[in-house]
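Both complexes shown next keep chain A, but they swap its partner, so chain B is in the first and chain C is in the second.
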Partner chain A sequence: MAELRRSPLEGVALGDGFREVPFLSQIDLRLNPADEGARGAVESVVGPLPLVPNTVHGGHDAAILWLGPDEWLVVGPPGSAADLERQLRDTIAAATDAGPVAIVDVSANRTTLELDHPDARAILAGGCSIDLHPRAFGPGRCAQTLVARAGVILWQLDDAPTYRLLVRPSFAAYLAEWLTDAIPD
Partner chain B sequence: MLLITCPHCGPRDEVEFRYGGQAGVASPADPEALDDATWARYVFFRDNPKGPFAERWVHAAGCRRWFDAVRDTVTNQFLDPEPRR
Partner chain C sequence: MSGTRAPSDGRIDRNRPLSFTFDGRAMTGFAGDTLASALMANGVDVIGRGIYTGRPRGIVAAGVEEPNAIVQVERADGVSEPSLRATTVELEEGLRVQSLAGRGRLESPGDAVDAGRFDARYAHCDVLVVGGGPAGLAAALAAGRSGARTILVDADTELGGTLLGTRDELDREPALDWVRAAAGELAALPETTILLRATAIAYHDHQDILVAERRPDARTEGRLWHIRAGQVVLATGAHERLIVFADNDRPGIMLASAALTYLHRYGVVPGQRAVIYTTNDSTRTAAAELTEAGIEIVDVVDSRDGRAVSGSEGGDRLEAVVVDGERRGCDLLLVSGGWNPVVHLFSQSRGSLRWDDGLATYLPERAVQATHVAGSANGVFDLDGCLREGAAVGARAAAEAGFGDGRPPVMPAADGGTAIGRVAPIWFVPAPEGETAEARMFVDLERDATVADIRRATGAGLASIEHIKRYTTIGTAGDQGKTSGVVASAVAAALLGQEPGALGVPTFRAPYVPISFAFIAGRDRGALSDPIRTTSIQPWHVAHGAVFEDVGQWKRPRFFPRAGESMDAAVLRECAAARTSVGVMDASTLGKIDLQGPDAGDFLDRVYTNGFAKLKVGSCRYGVMCRVDGMVFDDGVTSRLADDRFHMTTTTGNAAPVLDHLEEWLQTEWPELRVRATSVTEQWATVAVVGPRSRDVLAVLAPELDVSADGFPFMTWRESVVAGLPARVFRISFSGELAYEINVSTWHGLAMWEEVMAAGERFGITPYGTEAMHVLRAEKGYPIIGQETDGTVTPQDLGMEWVVSKTKPFIGSRSHRRAENRRPDRKQLVALLPLNPDALIPEGNQLVAAGTDLGSRPVPMIGHVTSSYRSAFLGRTFALALVRGGRERHGEAIVAPLADGTTIEAWITDPVVVDPDNARRDG
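Presenting the complex of A and B:
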């Protein structure tokens, strides 16, 4: 199937300071975190779920992002979603004390832009109302918000600061062009 | 611009939210039993106070959760510091 995949940014000229990280695996998980059976089963596969709103467990290669009080996004390397989904389904099926869990492969729902620029904070602040000051938003934080009026999941990876912006395919070219324009020469 | 406090995400810009009308409007227990006038009243009629008003809001561009908040319709100020989930 790999040869059929096409990134929404294929053929789009990107400016310096950011790049696309295409085809990351993304699995949307929904469960009641108070359901210890379900949570235990899921966590035995993916590790502890972040329970604090808008926080992330993990980093570049594998991470879990808080999306809601009963919703998380598991992000992994390209091509890993099918295996992870199967593993989750098998584990939950075997857990007799687990309540309902929804597992949906949403890898094609968003592509990822990685902004790695010394002025990244100021560049984003030009189009985003989230307080990005390190005391309010640092590594391991994420937020579903608007950047240049496009819906994104904004995720700070490290202190550099490096940010990831997970964006819908139909908004990806627009957001890439906005970033190209916003990043100083 | 208003800062609206999402019970999950904290204070966020107003553009991330959508309005859901009056809070606490109960669905009729027995819809079949309603005559047209009562049904119309349930569907279309809402309070329109000058002052505090309990409302439904959704954090549409954020966590996508609905919550209740109390807003003063005169000053546009949100009155409850901790909106209900």
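Presenting the complex of A and C:
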């Protein structure tokens, strides 16, 4: 049914240096990291959870983002969410020592803008109040913050720097217009 | 005589003449001039007028503290700005300048829209240095060399501060050579940023400093920086102050340091015959410097010798001053009444100030944030001391931010330099004729306020400087009393028989200088002024001519007019379709929250007024949430997906507040409950298919789904494939009709909508918007949160006792037992049927009992209208209203007096006016 999918920014003209990465799989995980049974079951499926606030394990195609003391976002390639959710549920159900884990498919709840622009830092600094200097925020870091008036999960992929902005579909057009309007002079 | 251009000297580019006009007169200046220096060089004496007295006023200062030279400036592109200080306007080609009498104008003469681009920039640093004079430069060098991320901001066009207007030397070379070398070194440091034409306007909590940067040659002409600084060094300098005497406001009377700055920096000779009136050593070399420029020194009057200037003569230009009772002919009076450290930002940061008797002014006392002060802002007035203190403070700030060892770098030695020594202040000079002259002793030139005004204030019993400020308006003008505040405080103290410094100074407030709204708006203009949120189905709505309504940030279709159709007609048609055949609406904006965990049912029992723990998997239930005060907060349908999982819906506007509410209770009150709440509002697109033929449409789309009344009853949900797409279908109704809400992934929202339209075509499926939705639900007496409720309405007031459990506690349950919330005369929800079936009562209209004398005052009001519509089904108008004791008044008449003096009479009825038995919904 892929042909019936429509990404939030389909048909929207985007400025140089950024693009939509549509249809990424995203699973929101909520669990108590001190619950070793639950954490072990989850990690046997997705790999180790990042426990340092605002850090990321993994990269472009598969990553786990720390969103809160008991919340992670697992990001995977398009089309993988249903299998991953099933695998997680089955594994946790089988783990007799696991406490409750909330698993929610939120793949369509946000789309992804990838910003790969020589002035990416300056562009973001026009509307994002967190410190993006390499001493403060580098590859493998993420943060839930505002860019202009849109709430985003900001995630730095590499040293270039390339950033991903995960944004609610309803805010995507606004955010794209704001980024297109940015002039880093 | 007036000002003239010196044949040489100054930091202006005499090879780049610039033309401009002042009040229509053509003039020429040079690149590097300010508007003020160019006006002075063109012999302009009078630039403004006292706003009350109309007295002529000339240039007093050379910087941001100028109280008089306020002008309207129209640029070559037609954009005009009001109320600019000529001393801070860089001269450019083609400026048209007008002196200002009265109020400034916001709009351009030619209605030119200011298309100038402004933006914002967030920045973070270890050390922020405010001020690029000697102290600030030394501090920036010390911090920058340590590797600390350093930002140096200065309001001027180049670094150097006061050195730009003096002939000071460092290590026996011109001080400006050192400035140039320092600027070059700073510019080369990778982690150091220099911002020129950048004024720090506010110092907020948490080291948050706002800086307004003018960028005349860039595409973005103004930028508001939000700088978060680990450490802040304030090297903001000091403002010289005037001395108050009779007729101290004549053009030609100016601050001594300003006169020297015009001479040295701009090559402008400010007059021909000068008297110097001083209280301190800062004017020590002034006479020699003026003499060298060919200015005759008539007298040097030093307060420390017990001498005083007590008056002046002249018209549009100073002609003489009275010194110790004798007339001295002159066209220029240089005044140095002392120096006020620029403590505005320090004070804004909540640092305290103390009075210093030797300097006769206020100095920074104790910092509250990570704030350091250096140079004359800290009362250090000699160049050597400024450099050394700047270096020490810069190194210390860097060390406190974790960079360097805190040892200050070596600075060059100042040869001579200017110190001010002990100040012998003269706050105001009594006139021979006595108090009558006090109305000509100007304290605040911009506000045209005098010693007489202060005497009136103290005479009226005011003893607080904050009260005196408001009574006299001193310090409330655009200059915020930069030259007058300390003087006014000391004058008031003298009149109250107290010591100077006894009253303090009024609170300093941001912004330090006025900035335009364009700076504040930045790029948040036009389409970017606020996000416009749209659903996945928006392209269809636009293509089919929807008229949109703003619902918070959402754009929702309000109705879908056919060609030439009015809103009333379209809404009636849309309502009729939903009641007689089938309608469809985009309900994607409803809030959705996924609740998981073994205690989810228990949690819902606590947050909803009714019970959910026993809800069967596969079933849905309508619920109402209250706040602790028992008032309705939100409502919606929540469905059980599994034993430990629910799907909650909220109203569109409360999607985020409800999630916050749930998280707050889970995190702070009931952390033992094993429940997690996750927003899935935008995971799902929702297509509501509504009306007697909705079952037929669903049957076409989901052939494998049993859609029969028994197989898929009201208030249940099914997971199914619909139109080939994975979907959750909820049989719930916000219209009172047979209805299904089809939820699919947001990616599939548009496809599902188009499939529904295609499947419904044979039934005449009709898209409808929020207006028809409102009418349909009102006919059923369903309240809308925020329309029927306003935070003072209980579920019982809405006639919904059935949704309030009497057996379990929930948020708000105790409040429902309060006597006030049980009063029989509370406003209760009713429907109104106007006697004239065409009469539409305005929403919000007040209601009075039938027979009320509308001539009496006050008119006793017994309720108000919350919703009012035309009903296609009833063929008449109706309204919902909150009426005192309304449930006991069914069948009574009520009157709505309209604003135009007419009245509409109506019958009060039960709020459900269509299908009270729910036969349509449950069919």
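Annotations for the structure displayed:
One rule holds in what follows: the second predicted complex is superposed on the first by the 182 of 185 C-alpha atoms of A that agree within 3 Å, B and C clash if a C-alpha of one lies under 4 Å from a C-alpha of the other, contacts with A are read in each partner's own complex, and residues count from 1 in each chain.
One rule holds in what follows: a residue touches a chain if its C-beta (ideal position, glycine included) is under 8 Å from a C-beta of that chain, and two chains touch if they have at least 3 such contacts.
What you see is a predicted model; the values in this text were computed from it and never measured.
When both complexes are overlaid on chain A, the residue A:Ser129 reaches chain B and chain C alike.
Shared-chain residue A:Arg110: touches chain C; no touch with chain B.
With both structures placed on the common chain, the touch criterion links A:Thr145 to chain B but leaves chain C unconnected. In the superposed model, A:Arg19 lies in contact with neither chain B nor chain C.
Of the two partners chain B and chain C, more chain A residues are in touch with C.
In the superposed model, A:Gly68 lies in contact with chain B only, and not with chain C. When the two complexes are superposed on chain A, the residues of chain A that touch both chain B and chain C are 129-130, 149. Put simply, chain C touches chain A in their complex at residues 117, 119-124, 149, 218-220, 226, 228, 523-524, 527-528, 530-536, 554, 594, 596-598, 644, 674, 676, 678-684, 724-725, 745-751. For chain A in complex with chain B, the residues that touch the partner chain are 53-54, 67-69, 71, 129-130, 143-146, 149, 151. Touching chain A in their complex are the following residues of chain B: 8-10, 12-13, 15-16, 61-65, 85. Partner chain C is touched in their complex by these residues of chain A: 1, 4-8, 23, 28, 30, 70, 99-100, 102-110, 122, 125-131, 133, 135-136, 148-150, 168-171, 173-175, 177-178, 181, 183, 185.
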